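A, B, C, D, E and F are the chain letters, set down in written order, and residue numbers restart from 1 in every chain.
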């Protein structure tokens, strides 16, 4: 259960490469589209990554959460901003998200150490 | 299926009053807490309401969506900002959210007319 | 959005009849099995119906909620017991269940009037 | 709760037009991609529409269910094939899908009458 | 995939401590509220923990399941009562919950050995 | 996070045996019913297993996904057919299914090696 962000990062990259080399056009298009929606527009990248984090948390997907946490760190999200974001995810998604919140606190500390 | 935002607003208010008059302390505390997390802090109210909208859309709850759309309008969210937000919800949540996106476009037009 | 329990009861019965007359053996077996698990055993029927209500509320299915509410009423569930049950559903499932809680308060009043 | 497939068809088309006229590129691309994945390839269209129906049923989205039911009818899906498909959705998704199964039986009769 | 309840207990406690020392008021309030709703009231603690177990199982969260299983054991829930509870979760939530049921059987044996 | 299909196969079998030896009649009946719905009928077994795979992917359950992948391999599903199936799951379920798609690519390679 403890999360190792370095392993997550490597596994993610390795499997994405395998998918992009082997999968058909439609899967590749989805991956392209998945990157595009987080690009800065009228809303900045930080806001979009925080939205991605909220969505991943209420849908309770640890790998998705990790990816957006990593991006949030690059966008200089502070601890306080992270907590305010988690408050919304926690209220909307309920106590069923608490195990994910535990993982987020653990992953966030690891990400900050790099 | 067509949504009437005026009816939604009235039903929501009427039932919230009934709940707050009758329910026990724990339910009331949850309602209080539910308001608190959207108050402006390090993140502004607009960002928080957009997060609420993303979460409600990927979890596919029309009444929740409507409430946050209504708040987004009060926070001067533009069409473009709304679309960028919906892009994230659509990519994360998939085509199963499209019927909610349809309702959002319909409700947004109604909200803007008031 | 306002719920009419009399219509829900009729629609449910009408469609169940059509399904049981037309569907294949596997669907019928599932319906039989669905009744069996709520029969009194080591746990009494009231406890089982309250469990069904919690499950239906966190999964946010109004028709399922209504059915279990109807059964809870027959098992003499009190308002206080209902509220304590809803507290658990609300904490576990989060604010996304609130629109269902509103419908529950409305349906409960209608059920009590019959 | 009773479903009117003619209204569903009209609302769907009307709102899709509004979305495609107003939304940004990313939303439009998603809609295009959503059509593409059901086109016949190594698997035929009928199989793909049945898959879309199973996915929509376990995720419990009536509008999505209706769309795939409509396509299944055009692909000459028989009652028996529909029931076998619903058996899988019902077992995987559980009794929480039963209200959707009720709507499917109702919609299927309406679709067959056109 | 095999579950080690001792590790789960330790990780849960360690991370809860970190969260309660670092998180903001709203997160702490949610944690307090999460404890309160399972306190005995008109319904006893055992019934409430069984409800928590049903909700966690249909929402398929192993860490939440483990916590409620642990509490159920303290409330002297018997094997037969556990099975009747799982029957409801399995019927409502469908075969998608079976992997969680497997983990529950494994965790229950470990919990009983302590 | 990397998946070991041999371990998954063993754990699944071991726990199923424990459940079938210990659980009550209703749980056993559910397991029987769960096998029955995938038996060939008007639709062949391959189509049914692909449906099971789509349902498991949009509901994001790795153990369920693995089981259906294993069956798909026995039914001679090709890489291209698998990709077309995943396209539907990905579009319907959204980017939140991508971590499962990564696991599917990894598991599929392992399954093909046996």
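The definition used in the following text is that a contact is a pair of C-beta atoms (placed from the backbone, for glycine too) under 8 Å apart; a residue touches a chain by one contact, two chains touch by 3 or more.
Not measured: the values here are computed from a predicted model.
Novice: Let me spell it out: compute each chain's centre from its C-alpha atoms, then which one is farthest from subunit E's centre?
Specialist: D
Novice: Between D-E and A-E, which chain pair is linked by the larger number of C-beta contacts?
Specialist: Between the chain pairs D-E and A-E, A-E carries more contacts.
Novice: With residue numbers as the basis of comparison, which of the pairs B-F, C-F or A-F duplicates the interface of C-D in over half of its contact pairs?
Specialist: Same contacts by residue number as C-D, out of B-F, C-F or A-F: A-F.
Novice: Quick check: how many Å separate the C-alpha centres of subunit D and subunit F?
Specialist: Each chain reduced to its C-alpha mean, subunit D and subunit F end up 23 Å apart.
Novice: Pull out every residue in subunit B that's touching 2 or more other chains.
Specialist: 26, 30, 33-34, 37, 55-56, 58-59, 64, 80, 84, 87, 90-93, 95-96 - these are the residues of subunit B that touch more than one other chain.
Novice: Could you list, by residue number, the parts of subunit D that touch subunit C in their complex?
Specialist: The contact residues of subunit D facing subunit C are 1-2, 60, 79-80, 83-84, 86-87, 90-91, 95-96, 98-99, 101-103, 105-106.
Novice: Spell out the part of subunit C that touches subunit E in their complex, as residue ranges.
Specialist: For subunit C paired with subunit E, touching residues are 33-34, 37-38, 41-43, 47-48, 50-52, 54-56, 58-59, 64, 78, 80-81, 84-85, 87-93.
Novice: Where on subunit B does subunit E make contact in their complex?
Specialist: Spelled out, the residues of subunit B in touch with subunit E are 26, 29-30, 33, 36-37.
Novice: Considering the complex alone, what residue numbers of subunit B touch subunit F?
Specialist: 58, 90-97
Novice: State the interface residues of subunit D toward subunit B in the complex, per the touch definition above.
Specialist: 7-8, 11-12, 15-16, 18-19, 22-24, 26-27, 30-31, 34, 55-56, 59, 61-64
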